[in-house]
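What follows is a structure written as structure tokens; I'll ask about it next.
Lettered A, B, C and D in written order, each chain numbered from 1.
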Amino acid sequence: MNSEQSLWGRISNSNVFYHFVRDKVAFISASILLLIILAAIFAPLLTSHNPNDLATLDVMDGEIPPVWTEEGDERFLLGTDDQGRDILSAILYGARVSLLIGICAVVLQCLLGVIIGLVAGYAGGRVDSLLMRLADIQLSFSSLMLAIIVLAFFRAFVGGDLYSQFAMVILIFVIGVAEWPQYARTIRACVLAEKEKEYVQAAQVMGFTTVRIMFRHILPNCLSPIFVISTVQIANAIISEAALSFLGLGMPVTQPSLGSLIKSGFDYLQSGQWWITIIPGLFLIVLVLVINLLGDWLRDVLNPKLYKG
Amino acid sequence: MALLEVNNLKIEFPSRHGVAVAVEDVSFEVNPGEILGLVGESGAGKSTIGNAIIDLLSPPGRVAGGDVFLKGEKISSLPASRIRQIRGAEIGFIFQDPMTSLNPLFTVEEQLMETILANLDVTQESAKQKALNMLEQVGIPEPEIRIKQYPHQFSGGMRQRVGIAIALSADPALIIADEPTTALDVSIQDQILQLIRSLCKKRQVGCILVTHDMGVIANITDRVAVMYQGNLVESGTTEQILQRPEHPYTKSLISAVPRADVKLKRFPLVNYIEKASVGFSQIDVSNHWLGQTSASDVSSVAKGEDLLRVEHVNLRFITKNALLAKNRRYIQASDDVSFTVKKGETFGLVGESGSGKSTIARVIAGIYPPESGRIFFADQEISAMSERERRPIRRQIQMVFQNPYSSMNPRMRVQDIIAEPIYFHKLAGSRKEVEMIVGDLLDHVGLGRRAGIKFPHEFSGGQRQRISIARALATRPQLLICDEPTSALDVSVQAQILNLLKDLQDELGLTMLFISHDLPVIRQMCDRVSVMRYGKILEQNETEALFISPQHDYTKNLLALIPHMDHLSREGLMVQQG
Amino acid sequence: KTLKVAYDADPVSLDLHEQLSGGTLQLSHMVGDPLVRWTQELKFEGRLAERWERIDDRTMRFYLRKGVKFHSGNEFTALDVKWTFNRLRTSPDFKAIFAPFESAKVVDRYTIDLVTNKPYPLLLNVATYVFPLDSKFYTGFDENGKSKDALVKHGNSYASRNFSGTGPFIVTQREQGVKVEFKRYDDYWDKKSPGNVSEIILTPIKEDATRVSALLAGDVDFISPVPPTDYDRLEKSDKVDMVTLDGTRIITFQLNQKRVEAFKNPKVRLAIDYAINNAGIAKKLMKGLGTPAAQHSPKGYMGYSEDIKLRYDLKKAKQLMKEAGYEKGLKVTMMAPNNRYVNDAKIAQAVANMLAKINIQVDLKTMPKAQYWPEFDKRAADIMMLGWHADTEDSANFIEFLAMCPNSETGFGQYNSGNYCNPEVDKLVLQSSEETDLAKRQTLLQKAEKILYDEAAFIPLHWQDLAWAAKKNVQLAPVVNVMNFPYVGDLVVK
Amino acid sequence: MIIFLLKRLLQAVVVMFIISLIGFTIKDSLGDPVREMVGESVSEEEREALREKLGLNDPFIVQYGRFLKGAVQGDLGQSYFYKKPVTDVILSKLPATLELVFGATLIIIFFSVPLGVYCAIKPRSWLTKFIMGASIVGISVPVFLTGIFLMFIFGVILDYLPVFGRGELISVWGPWETGLFTLDGLAHLILPSITLSSLMLPLFIRLIRSEMTEVLHSEYIKFAWAKGLDKYRIWFRLALKNTMLPVITVGGVQIGTMVAYTILTETVFQWPGMGFMFLEAINRSDTPLIIGYLVFVGLIFVITNTLVDLIYGFIDPTIKVAGGK
């Protein structure tokens, strides 16, 4: 136990890393996730055309099925959507937006929720009532309403023309803020139960600050529901973003995210153009799947009692 | 035919750092009606054997070899359904840690009843009767009210008794009792042991009794097995082992038993250390980190003056809530308690289980606010302070909890648990220094630095208790509240730890509030003692005076019940007189 | 026979005068009869008016059908027509259509004159909006002490809950937004009507996919509208029949000349028109359920002229941009609704893509109509989408609203977000609205359309076609029409 | 306890007040209600006149004052579209939503508990892997898609189940009409309930599994094994109770959410409940209804959370319900 270990040394010596290298599922999931992220980042290199460059689109290329079907077209490996966008390119470019929004929004939700939940649960009494009623108010204003509110403010103070430049930030903000109560209430409940336990009292006796007790001691013992909610929320956030775009609040329609790509295909689902929804849908499922698997794995690893040795 | 037969049992805990062998090649047997005492070093593998017998080793643990036979049937590697029938009905098990083994969400009644109903063929009604009966037998006062309560409303000793009641309630043929009386005062301990004894004799029940208390061994066991570092080093009849120990470890163990008759300066030390894996070292406090004072210490109090003053502290717990105040029921856990503790002394608190000792300790430590009354620390009224004002003082009042396991964050490594207060209160200069200090503390409590990377659940009961002590010392407190600090330690380790505390006290003027059921230990450690019952202080005196001429009837009774160890051999043993 | 109908929305009120909307008109034709109605060929057919004649260039005399009974049992007379006419003129929604009228004069019990202020060529067109109501039924006070004929937009008026007209169906039960139930009126005057539907349950199903599924699952007999994406599938299905008609609602884009300097240049506008492949959009996005347009007026309307041809030529478009000095391109904003017209958002997107090809970068924003209209009123984007259907089924209406110089006093050009203004066009249209000589009127309107076309005053896309789908046993084709109010009274179900 | 409830009631009022205030501040951004009331060709002056008549041009304070005055008497205004008091509209839509939520909740409870527990006790079985995998698919498939799929399969292809609406209803009490007691009504309930539960069910399975896994490793469960209890008792009574604490909290929020906005499911299946009503209200800029609805939803959340807190306090004896110390 040399204290002068390099960062890498500490990482490679840590439990998480140790179990990671030995867990096939975790390893494969992480590889796939990495692959997806890389593909999204390097999308311009991997695709034949940029679906966000509108000039390259032609409606007459619309709704071409994937190459392996009869009417397929070699130019479009996975077919095209109604606007003639190559699905493959659209997925990769869309994944950029969706991943960023999904992950950032969930991080924001989680951050807000965890802080508020910890404070509410730990402080109790008035603070608790106040924060929890705030959560009730927030819940009443679902992301839909919140988006409208934020947009109205944005228009009033910044001007609507700039919207598309800030769309991403606004979306992250809206989705991030709309759902914090989920976390807050869960954490609060957990804190209520944990704070009666003796190890918390022991920490109090040590003279630790409240903040430290909340984050260092209680929070790690409340991780498991957070993990479950988070993995669900990422999928949710990606879909919500698409739903908000209907209200004119999403990303610009000319730059479809993964969610809006899926959503735009709903109309076509029954009429046979399945690929517009199903292929990006599968992509989303794989994405969420690996995130979930990693989440499950991480949760187990972070629980010392579950070490398999 | 032996009731239980254990042959060549070997138990391992594999981990990424290698396989730890907890029990190696252990064989013994228990006959019907017989009580086998299992003694040994803390961490020797006693609890592990018990767990292995009923196939409940905690996860990475596995039985690597050997067999277990119950009434001639091989019960190791039985199918899950069959072993489940054996548990409870055939083998009653009392876990070492009473705090965590009761489900916090169910009342004591539910937990008792379900055991009875699951294992015995009785009606709901008679199960209820039996449950009440059991509680009464283990000495819980007012069982009709208590049975409806939840575990957290019980004191440490009461929880332990509930655990015993549950284990005995299904009339098992074999009882495995893992340190069943550590949190009990002598009179109740006596009652429980008699209960077990009479069960064994009357119904030919076999019993494995794991204990550190040589008095208990001497008084009720028929045979004794001694364990050391995973091996069974010696076994024989009680008399044989106690009077003519053969193995050097046994010898040194017996020599370290604290004496109830005379007060010694230091505890006699065991110098048998076979593999010397973990070295106890006597510390040189003047050069040691523990001896340094930090700027924020309260140094205004001179040795011999009052460091802690407790004045008329009252605290009630609600036992039955109701809308109207008059319908509420309370337990007066602390009834007008007053005492003072001088700087540099050790103040003892003894008394019946459930008498409010832990409660008052918690009030002083600032966990419960007192309902009325005042507490002064170094002449500052800490009971009236806000949390913020109080924080700097908190470091100086530390507490060793009665239940070490539940008082440690299960998600933190032991080294982090101990290092955290050092970091937090900035008691060390660098990261490296902290790591050194932590390793040092672990050494001093006999665990060794390597223990640092493990998590609390990977330790034995006694080892956890030592971690808890190390953590309390890490803040370099002025006042140390010890709530049963050594109940799970074998006498040799106990001696080490208590000597460490004594050293600290001598050199630094460490002040201690010492709660214990172990009267010999109290006699050795404390300068003054208070006796508590029903939340009140009955009597308070200089230790020697109290032991020699107790005033209150309750005290007299208590002292009379100290297990006699006259037949304990002390000759030829290496006793260090300090 | 019971007919289960699923529309995308249900009528907002039982008061036929409350809102001028497709839903209301569909209801009107079920529970009432107009004086005259349109045939499929856009000719007039007498209903409660048996015949009519022009008395002078401002007056039309209607001879009413005798022996017609209202649902309440009251007899239908000219007084009811006059009452209805007067009520319509107080309705905020209808008052504009009836503005050219001076009065209704009862001649006798079964004869009535409608008099206009000036010679008015569209008198009969407007008469299709007169669904005589039971004046006696609406006289007096309701339980709340309010006048029964009160016309309230947002309140719970008597007329919005109770109805008495002459139509083939009586409303038996109505739950706003959930369903309306109708029963055939036993004493319906039109004994010649082949209609054999005895009961109707109308359910609004907003979601396209659900509506189609409901039909395919057999839960409903008849749906409208049919989403273009499901067109193929329904067409192929052996359980259902589809009926389509070329529509009359034009979908356009307007280029705001006030906001964008370049749009003042007709060359830029032309370039844009050339850049957009209307035929492609109609074929691919609309699945053929749209007729590509180059002018406002659909075929059959007075202003329609065969010579106005579709324009699509990318090369030419680029050329024009260059000539106008914009070969480097432009950056503009565009707004479109996403739940107002069929495929509105998709169309806007496709248009944006096409404009990118001539270097016009479009920042497109789509939003629900509730948000869109306020934006439209503010003229919040450089290019805005607008669809229009002429209430009078007449070409002049298009131009009055969409292409005449905006004028807040006269109200002309109210929907002209492009601010296109050409006094000559205004003059032609104003002339046409007083011209009762139909041939002359036609020339005027065609001329106006031609100017708009030549100057690319606006960017036409297509006329939204109408489509209905029904189970095989429902004989839909004879009762539907381009105005999208099927004459369910005449519907035959086998 | 009573004091606790009274306090909560008071808080609910404050919550509703704040929501209405926010609602009022933003109502102009929700679109122009007048636009929805009139035909498209109606002139600007007419619209302005109507706006004036509706009091929409009054200053904020005046409008809000008017609203509050009504609200105190339980009148949240009139819906523009339904032309009825907002409260009546909401109450008439409530049963539909409650039934749907009830159906979905039943599905969630009946499946999530056994499946979640199974996955926790048999972490390595292939069935567990399948359930966990399927649950992820469930999470990532949008509700809308699930709905259309179910509709397509069971409605169109197999033709077993009706695809829209509530079917035959019978009146129970006052405005309360239910489809729970007719076969037709029940048949209509099936697909929407499944769809609605499709998102929550995986969440619950995963949550139960993860919490249960932790609980199963606790000392008291080990002790319970040592007591010789039946395995089902340990899993489904002891461990499950400890597991349920966090699950109830999340569940409370989720069920509150379901009551509040089952928007997508209701839209797909044309289910005449509150979520559908809300979406329509937004589309129509029916501002009084939107605000009334938000206020109502705030109340629902306070109620469900109060219930959750009560249940929580009931299950976990160490937790004192705030207010009753």
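FYI, a contact is a pair of C-beta atoms (placed from the backbone, for glycine too) under 8 Å apart; a residue touches a chain by one contact, two chains touch by 3 or more.
Small disclaimer: the values here were computed from a predicted structure and weren't measured.
Engineer: Looking at the contacts, which chains touch chain A and chain B alike?
Structural biologist: Common neighbours, chain A/chain B: D.
Engineer: Which pair, C-D or B-D, has more C-beta contacts?
Structural biologist: Comparing C-D with B-D, the pair joined by more C-beta contacts is C-D.
Engineer: Counting in whole Å, what is the centre-to-centre distance of chain C and chain D, each centre being its mean C-alpha position?
Structural biologist: The mean C-alpha positions of chain C and chain D differ by 39 Å.
Engineer: Using mean CA coordinates as chain centres, what's the gap between chain B and chain D in Å?
Structural biologist: 50
Engineer: Measuring centre to centre with CA averages, how many angstrom lie between chain B and chain C?
Structural biologist: 88
Engineer: How many Å are there between the centre of chain A and the centre of chain D, using C-alpha atoms for each centre?
Structural biologist: Here chain A and chain D have centroids separated by 23 Å.
Engineer: Note the residues in chain C that touch 2 or more other chains, in rising order.
Structural biologist: Within chain C, the residues that touch at least two other chains are 209, 213, 368, 371.
Engineer: Residues touching two or more other chains, restricted to chain B: which are they?
Structural biologist: Within chain B, residues 58-59, 152 contact more than one other chain.
Engineer: If you look at chain A, which of its residues touch at least two other chains?
Structural biologist: 196, 266, 269-270, 303, 305-306
Engineer: On the basis of the stated criterion, which chains touch which? Give every pair.
Structural biologist: Once each pair is checked, the touching ones are A-B, A-C, A-D, B-D, C-D.
Engineer: Mind pulling up the chain C residues that touch chain D in the complex?
Structural biologist: 6, 12-13, 19-21, 92-93, 95-97, 153-157, 160, 175-179, 203-207, 209-210, 213-214, 216-219, 339, 368-371, 373-374, 377, 388, 391, 401, 408, 411, 414-415
Engineer: For a test of understanding, state which residues of chain B touch chain A in their complex under the given definition.
Structural biologist: Chain B residues touching chain A: 13-16, 58-60, 99, 152, 362, 365-367, 387, 391-395, 397-399, 401, 403, 406-412, 420-421, 424-425, 431-432, 435, 449, 452-453, 455, 457, 471, 475.
Engineer: Spell out the residues on chain D that touch chain A in their complex, using ranges where they run on.
Structural biologist: Interface residues on chain D, with respect to chain A: 7, 11, 14-15, 18-19, 22, 26, 28-30, 132-133, 136-137, 139-142, 144-145, 148, 152, 202-203, 206-207, 210-211, 213-214, 217, 245-246, 248-250, 252-253, 256-257, 260-261, 263, 282, 294-295, 297-298, 301-302, 305, 308, 312, 316, 318-319, 322.
Engineer: Write out the stretch or stretches of chain B touching chain D in their complex.
Structural biologist: Residue list for chain B touching chain D: 54, 56, 58-59, 80, 84-89, 93, 95, 97, 100-106, 114-115, 118-119, 150, 152-153, 163, 166-167, 170, 321, 323, 405.
Engineer: Provide the residue numbers of chain A that touch chain D in the complex, in ascending order.
Structural biologist: 124-125, 128-129, 132-133, 135-137, 139-142, 144-145, 148-149, 151-152, 155, 181-182, 185-186, 188-190, 192-193, 196, 224-225, 227-229, 231-232, 235, 239, 242, 262-263, 266, 269-270, 277, 281, 284-285, 287-289, 292, 296, 299-300, 303, 305-306
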